[in-house]
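Following this message is one structure expressed as structure tokens.
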Amino acid sequence: MSKKITCIVCPNGCEIEIEGDKISGYTCKRGLEYAKEEMIAPKRTITSTVKIKNSNEVCPIKTSKPIPKEKIFDVLTEINKVEIVKPIKMHELVIENVLNLGVNIIATKEFL
Amino acid sequence: MIKKDLVIIGGGSAGLASAVSAFDNGIRDLIILERNPELGGILNQCIHPGFGLHHFHEELTGPEYADRYINEVKKRNIPYLLNSQVLNITKGKIVTFINENGVQKFEAKAIIFAAGCNERTRGQILTPGYRPKGVYTAGLAQKYLNIYGRLVGKNVYILGSGDIGLIMARRMTLEGAKVLGVSEIMPYSNGLKRNIAQCLEDFNIPLRLSNTVTNIFGRDRLEAIEISDVDEKLQPIKGTEKIIKCDTLLLSVGLYPFNSMLKNAGCVVNKESKGSLVDQNLETSIEGIFSTGNVLHVHDLVDFVSEESERAGTNAAKYILNKLSEVKNIVNVSHSKNVSYLIPSIIKVREENENIIFSFRVRKNIKKATIILKNPAKVHYSVKKINLLPAEMIKINVKNLNLLDCNELSLEVIEDE
Amino acid sequence: MNKEEKQKLYDVIIIGGGVIGCSIARYLSRFNLKLLLLEKHNDVGDEASGANSGIVHSGYDPLPGTKKAYFNVRGNKMFDEVVKELDVSFKRIGSLTLSFSDEDDKTLLELKKRGDENGVETKILSKEETLKLEPNLSKEIHGALFASSAGIVSPFALTNNLMENALDNGAELLLNTEVTKIKKKVEFYRVFEKNGLFFDTKLVVNAAGLYSDKIQNLVGESDFKITPRKGEYFVLDHFDNNFIKHTIFMCPTKVGKGVLISQTASGNYLVGPSNDECAVDDVSTDSLTLSEIKKTALKICPSLPFEETIREFSGIRPNSDIDDFIIKESEKNPGFYTVGGIMSPGLASSLAIGEYVSELIEKKLNLEINKNFNQYIRKHLSLAKLGEEKYNELIKEDPRYGHMVCRCEKVSEGQILDAIHRNSGARTIKGVKKRVRPGFGKCQGTFCEAGIAQILARELKVDLSEICYSDLGTNVLLKAHKGSEND
């Protein structure tokens, strides 16, 4: 059985075809890695925001590494509970090892 | 009046990159005018990843990408004014702006106009029906969600498959809204393929091609929309109507350069890109006024905005420092019908061999194509490309073009079998 | 009636905060009285008064001898002074009514005759004379009727500033108050609102516009019926101040004045309206009607740049089955005044109607002059009005006037704050837009709406989620869903 996926590694969006062990259509190493992983354990980098105490703005955050796709909404529940305090540095740790996934939640913007 | 060598209007991705490169090319008397309370422009609300793969060879979020350039600006101590709105620009390169210190003016040797683009609104696409609250442009909803942490609604439909719409489909889903679908009037998507995959398919959000919103219901708050299939002429087909109950309709129906200020200054407009008409140095029809980034033409990737703006900065520096040699020939550049716009529109030939970057978009999907640059007598350049999409900007970098004896140059995209 | 009830008793309650109700309120506030205006929406001027052509007609069109003719001509004359008092933008740009046929030529002559009888100066212009004034008009025209006294006004500012001035002079205003019942007592009327609250008053003025027949029904009368007619419009950006300089009309027909092209008081171009029967609250637009308007407009002005379109909207005219304005005290219910069916030229007539009705009431109640009456509202300050030098002095006093919130229409935070903290101040996004214009520009608020919502929330001391676009229930945002205080 063959499966077609769109590579999300870069804006090129290559169409990759996977037929058993045979993977074709990728144009770079990272694309091949992505296709392999997508077949066994699909992962995504997630971005969202967290509340900043005494501010009407929120702080953008991201997962330091891609997380398993099925954990996305569980991780977001954790993210929504958090409230952080200024000053916030770029890539400051917001949640360490979220849900024991071995992934951190980090700030992606500086707030003085 | 205060004199400046270079005034850069806009502190987003285009303004920041051009400031850095102008500085690195010898300009010290320069300033960036930014209307928002912080540098970075629209990147600040684009908190999703996907930026920087071309430019920094790693995947960054919008604020991270902006931060890299902001740091470069700060490292060089390039001055900038925040909360400063430019009011107008004159032919004589006087820039009037306003901030909390008053209405002020700079007399500039050169201006780089990097004011970005606007979203098309409902009024511009003539969507019929009522005018309830709940119809937002995707970018405004993005600002509310990513800057202020607030959702505009819970049950969302999206018109237009532009990247902001796709990105917002995912963002709103992640924040707890239900995204019911996306309609795209064209038979192909207007967003990047990977955004269809990771923003729609990942969350089972249907994409309806050749489909559009044909009515809007609700007197105060949006209650429902009607969608219909369209024919080849983009006209709704009777009998295909479907009612969808929702409290929010996001419009992701295209962007256009926010170019009115340059137009009012007298810069000739490129009717196809809706930005200013520029030469290969990104100089407008007014000497010393340069235009770059989304106010010149709407880019698909910020990486290309940075690249283009570095060129604008370099060229503005050369202009200010009188390093541009004399123009030996002027070549008008045209394009074939399947190209929707092309930059530059003219080439001012100064050297025997010019390196020129051409940026353009095609009007429809083309699987295989040969792109040629020619004048009636001679093909100057030719390259083969695959999978050309209207959603993607195409850039070709042509080296050593000898145009001393050429009057007309034409860029043609020839479809290959 | 006990003492407490007597204290609470209003002299006059006006039902409806459109331009007519607000004008009556303003002119009544010249006298000493206890006055209340009830408006069912979240702002004044949100129905017909907020969605029309903004034209102050010269008055050649109404049939001589009608109320329309009288109030139009008188009202038009009042504008020069009143707009200064109320700081409303108004320009006498003059109108050209075009002829495209021999038959139209006859109509123009007839209109000229009517104008003469109504006391309105008009002039028939030849094709050449017309094209000299307006070179972008169709070369197919035969000529035009020129009326120099026609003007354009911001209907939003006019309505609101009339209300503001009335409040400055002691009137009261209640928004979100829909009148559903009126009980006639021996000495007074008891006016009930939707939720059962009531207000007692000696006199009632029914200025309920599209619902003026329904309000009249509440006292058991039905001498007219509102027959709403919808007008759809295009709004074009202010791309060129000289493209069309006058208000351009087609020759009128039985159903109305037809499609017009005009600059607005803010320099945009308005193209429309259509004229179709509709339900009283049907403010939708439709593609077919708009394309018909476009066709007609291009016949008038072939190079009209529709690509400059920034918005479409529709407004509903409160036409009635009586071919004139209805302005009278009821015979059956003395003290109950109806001011209804104020269709076109209602805006032009509004000041004269307000003045006239206030004088009827003055006589009825034997009112004394309000010695403290101030006919001026506090001036709105903007860069365009003050010029750079004076505006800079203002910024020195209050730096928030230097913070531009709206880049399309050049509106500062200072102006928005001023619009919020006035009598009849803005409480909604649309309220700010109607008063000082952010959101009326090309970006239609996509850049400034979030900032305005923030300012409103801060100034009104409420959460962002409570900020409405217009009526209650049109909240712009949901409640926050992040953080420990998750509300």
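So that you can tell them apart, the chains are marked A, B and C in the order they are listed, and the count of residues begins at 1 in each.
In this section, contacts are C-beta pairs under 8 Å (C-beta built on N, C-alpha and C of every residue); 3 or more make two chains touch, one makes a residue touch a chain.
Remember, predicted model here, so these are calculated numbers, not experimental data.
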Task: If every step must land on a chain the current one touches, say how few steps get you from subunit A to subunit C.
output: 1
Statement: Averaging each chain's Cα atoms, the one nearest the global Cα mean turns out to be B
Message: How many angstrom lie between the centres of subunit A and subunit C, each centre taken as the mean Cα position?
response: 52
Query: Rounded to the nearest whole Å, what is the centre-to-centre distance of subunit B and subunit C, using the mean of the C-alpha atoms as each centre?
result: 39
- line: Distance between the CA centroids of subunit A and subunit B (whole Å) is 26
Query: At which residue positions does subunit C touch at least two other chains?
result: 454, 464, 480-482
- prompt: Multi-chain contacts in subunit A: which residues touch at least two other chains?
  reply: 49, 51, 56, 58
Query: Mind pulling the subunit B residues that touch 2 or more other chains?
result: 147-149, 175
Message: Residue numbers of subunit C touching subunit B in their complex, please.
response: 235, 281, 283-287, 290, 309-313, 383, 388, 391-392, 395-396, 399-400, 402-404, 407, 410, 412, 442-447, 449-450, 454, 464-465, 468-471, 473-482
Field: Complex contact set, residues of subunit A against subunit C
entry: 49-51, 53, 56, 58, 80-83
- prompt: Which part of subunit A faces subunit B closely enough to touch in the complex?
  reply: 5-13, 15, 44-49, 51, 56-58, 60, 62, 69, 72-73, 76, 90, 108-110
Task: Quick one: which bits of subunit C touch subunit A in the complex? Just the residue numbers, please.
output: 454, 464, 480-486
Field: Residue ranges of subunit B touching subunit C (in the complex, touch as defined)
entry: 35, 83, 85, 87, 96, 98-103, 118-119, 121-124, 126, 128-133, 137, 139-140, 143-144, 147-154, 175-176, 215-216, 219-221, 260
